[in-house]
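Letters A, B and C name the chains as they come in the text, with residue numbers starting at 1 for each one.
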Amino acid sequence: MSVLSTGRHQSVSLRFALYALMLLLALVFVFPFLFMLTASFRTNEQIFAHSGSIGAFVPTGELTTANYAYVLGNGNILHFFLNSVIITTLTVGLGLIVNSLAAFSLARLQWRGREAVASLLVVLLVIPFEAISVPLMLLVAHLPGLGFEAGRLVLTRSWLNTLYVQILPFVANAFSIYLFYQFFRSIPKDFDEAAYIDGATPLQVYRHVIVPSSKPVFATVSILQGLAMWNQYLWPVITVPGESARPLMVGMQQFFGHTTEWGNVMAYATIITVPVLAAFVIFQRWFVRSVIGSGVKG
Amino acid sequence: MTQSRKRAYGRRIALLSSGPALFGLTLFLIIPFLLAFALTFTDQRLVATDSGRFVGWRNYERLLSISYVVQDPQPGVQGKPAFARVRDVTRADPVHRGFRPFSDFSWGQKRVTILAKDPVFLESLLNTFGFALMVVPLQCAMALALALLVNAGLRGQTFLRAVYFSPVVMSMVVVSIVWTFLFDRDLGSINKLLSLLSLGTIGPVNWLGGRATAMPAIALMSAWQGAGFQMLIFLAGLQGISQELYDAARIDGATAWQRFWNVTIPGLRQTIAFVLVVTAIAALGLFTQVDVMTQGGPQNGTSTVMFHAIQRGVREENIAYGSTVAVVYFAIITLLILAQQALQRRWSK
Amino acid sequence: MPASLELRDIHKEYGGRQIIKGVSLTVAPSEFLVLVGPSGCGKSTLLRMIAGLEEISSGDLLFDGERVNDWDPARRRIGMVFQSYALYPHMTVAENVGFSLKLAKMPRAERQQRVDDALRTLQLEELHDNKPSQLSGGQRQRVAIGRAIVRNPNAFLFDEPLSNLDASLRIQMRMEISRLHQRLRNTVVYVTHDQVEAMTLADRIVVLEGGVIRQIGAPLDLYERPANRFVAGFIGTPTMAFLQVARCEETSGRLAVKLVGQDEHTPLLELDTVASATRGEGPVTLGIRPEHCRLTAPDGAMLAGTVAMVERLGADTFAFLDLPGAEDTVAVRLGEDASRIAVGDRVGLQFDAEKAHLFDAGGIAVRSPAR
């Protein structure tokens, strides 16, 4: 209910105008999707032929799945896809454990320096990743790591061109800790105390009391981190020049830079987008909550 | 267990549970952040082994030095004023060593040329601010309008809320690529639509190829992609305004417009401040769109601070200089946040 | 087995501030002890120290003669019912009740047996698989008690358990708790700010104020023979009236007082106390309960005043008088004459001197009515 609503007194004409506006805007928001999807089933000639009409967004005329066949059959899209899945799931999974444990410690346990760490955390929130990407790159370029060479595990002198360079720096996340911290603090202390009286250890309190009561914030962090990792571009562009550990987004950009076949490009884009869109459609309610949750306190 | 042993045990648990995160944050956030400042005083490169020497303020000097030359016209051909080449002037004057022309304008008969040691940075800085000035109002106004619309109590608003939000979950790389086609001069749907609506009077615009249009085009696309996010935050803010305030305003005889200005906007003040700052910070970090769509072109017309930092720091492997750009970027963000907090404090009084 | 509890000179400090200033008391096995006092008196802190949720700054806490200061809450094996109940929202009723047994690694079959027994005791069998959010306030309360009784604890601790319930439910739960205690005979320490709860439940009441014990005793003892003005004013509704004494005289070994507001002609009020008891600085006060007062015509009464308010509660009617020399309005329980009294009436107050309490300048009771 808000200003646009006059409740029961909403006039028919206002109502009609609002509906028209909503639908028009909805079109503005979906037309690039529709274009992407439609063009992915067309040849270059068909795309160009339809570009000036409503047909650009509606699958009419000659349609083909050749673009998908080409994209899947040539290049390494499946390999990149797998890389992105590994990077996203590992970062989110490890991040949930590491960050929620840290927040638990900050919000629920008594130890010296706790307040100092909590306020440091708020300061860290302000540092945008972009500002540290260049020195961080220098750092990881000189960290000792592990790699495969001719099928054997060897010690390497750099993290560049690996999967873990895209995972490990993002596991610990100040914003995730902050979200967990805020949520945990809102859980009544009585729960912990009841559990301590019932004979629980701190880690049992975390596992049996805090975690089960915090599903919303776990969902929020998973979604925000998952989206950020899946769509990440700047970091892999600078740290993963090679192909073996390349994620989808960089693969897409490279593919885009070396082809003039728009149908192929749109098929590639569709393959990247569909998993995320599917997740969004299924978990829509949680997406909405996580965004709102991310902005409540700032 | 004694009290002291209990405390030792508690400390161990605390360390165990917060340790991994604190280690990660230290290694991958705090150290690089401090490193960024330290590197700006060196000539560190990515691979060269004999780099990393202390060079004082040289990076900052190169980044931020600005100067100008004023030239009197010389009698030229056909009565038109002519000027000596700027490069010849700066070469002759040791004060201007290392400077390159950034832009020029006439002042009466004279020609003034602005010089900078890194004119591309200066241009990137202006581009970045220009982008932020376009995208922040556009995106926030769009987001607020969408939030009001979706909050109006109409049927189907949950579905439409999802539609408006959907670009947010799309990757910026994908969005950029799709819009590159939509912005195409000859084939793009946007030009076709404009031509249709204007009955052919608006000719094909080379959106991404023109210096004047490339940044606005990117701003438009960015606002489209991101507005759904702020819409949800506004929506949460709207739902936090008590319905009773609207009822009271209606009983007092306020029109919808008056209710908007006297109930909605004051009620959203904190939210608006938050959304503006968050959007501005994101806008000042513009990189992906530019990297995918224009690579900073045409003629550096869409180069941004972050793009410049990556270009210099990573692609030219001049880590020290890239860090200097990043530190300047961080300083701008910090000023922005401090300004916001000062405003917030004044408001809350 | 119900345990005995002993507190020896317990102190609690928070950042230099004394919250509990030396509390000593013993709780006998199977005793129902109620800690009562105004908010901020330290009663919850004391309870949490017994539970092991707060450290004891100094003093000794003993369970069955064994010092437990350094034991963690689990080892003390107490059951606690929180004000918010603190039922884990993600667990069913049975899981909530059985959580402590699960943590203690009790075998599943035995655990289920114990949980079922506890639920049966509390008539919660049908709610076995419900989540707390599906329960009413009274049911949640009972689950919280079930969680406490399932481990067969040394002692039960209740922290204002009824304050989240509405009035009628509160009375019902009060009876249930009382009945449960009669059946299980556990040692109970029960914290409340509600003196009616304290009166109805307790074997003994401990009245706390400002971190010190003001009196310990059986409910009726506290009511009839309050040790000081604080307890006298805290126990009983409407509260005891306090009338200022203008003058004390000794006549033939007995004490006679004149109240503020009494004129020359009113005879002195004779009390069976020796005069020496009232020595000390400051005014002496006389206390009298509402049920020991009656209204008369203003002329010739002990004191005269006006009716400020009349409260008709159904069974009882109380008049509140503005009187000279009274610190607050004076409550009087009305009898047959209830319907005739109206606000603004000029009335006289009469009471039996035998029923009067007398407090010295320090607020200590120097006379209480005989039994």
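The definition used in the following text is that a contact is a pair of C-beta atoms (placed from the backbone, for glycine too) under 8 Å apart; a residue touches a chain by one contact, two chains touch by 3 or more.
Not measured: the values here are computed from a predicted model.
*Asks:* Would you mind checking which chain's C-alpha centre is most distant from the centre of chain A?
*Replies:* That would be chain C.
*Asks:* Which chain is in the middle, if each chain's centre is the mean of its C-alpha atoms?
*Replies:* Checking distances from each chain centre to the full centroid gives A.
*Asks:* Counting C-beta pairs in contact, which chain pair ranks first?
*Replies:* A-B
*Asks:* List the centre-to-centre spacing of chain A and chain B in whole Å, with centres computed as mean CA coordinates.
*Replies:* 20
*Asks:* With chain centres defined as C-alpha means, what is the inter-centre distance between chain B and chain C in Å?
*Replies:* Each chain's C-alpha centroid was found; their separation is 65 Å.
*Asks:* Please tell me the distance, in whole Å, between the geometric centres of chain A and chain C computed from their C-alpha atoms.
*Replies:* 57
*Asks:* Spell out, as numbers or ranges, the residues of chain B touching 2 or more other chains.
*Replies:* As it turns out, chain B has no residue touching two or more other chains.
*Asks:* Residues of chain C that contact two or more other chains, please.
*Replies:* Correct list: 72.
*Asks:* Identify all positions of chain A at which a residue touches two or more other chains, and write them in rising order.
*Replies:* Within chain A, no residue touches at least two other chains.
*Asks:* Tell me, which parts of chain B touch chain A in their complex?
*Replies:* Contacts found on chain B: 10-11, 13-15, 17-18, 20-25, 28-33, 35-36, 39, 44, 46-47, 146, 148-154, 156-157, 160-175, 177-179, 181-182, 187-189, 192, 224, 228-229, 232-233, 235-236, 238, 241, 243, 246, 256, 259-260, 263-264, 271, 274-275, 278, 281, 285, 287-288, 291-292, 306, 309-310, 313-314, 319, 322-323, 325-327, 329-330, 333-334, 337.
*Asks:* Applying the document's contact rule, which stretches of chain C touch chain A when the two form their complex?
*Replies:* The touching residues are 51-53, 72-74, 78-80, 82-86, 88-91, 99-100, 103-104, 147, 151.
*Asks:* Tell me, which parts of chain A touch chain B in their complex?
*Replies:* 1-7, 10, 15, 18-19, 21-22, 25-26, 28-33, 35-36, 39, 47-48, 51-53, 56-57, 98-99, 101-102, 104-106, 109-112, 114, 117, 124, 126-128, 130-139, 141, 168-172, 174, 177, 201-203, 206, 227, 230-231, 233-234, 237-238, 249, 252-253, 256, 262, 265-266, 269, 272-273, 276-277, 279-281, 284, 287-288, 291-292, 295-296, 298
*Asks:* Give the list of chain A residues in touch with chain C in this complex.
*Replies:* Residue list for chain A touching chain C: 188, 190-191, 193-200, 204, 208-209, 212-213.
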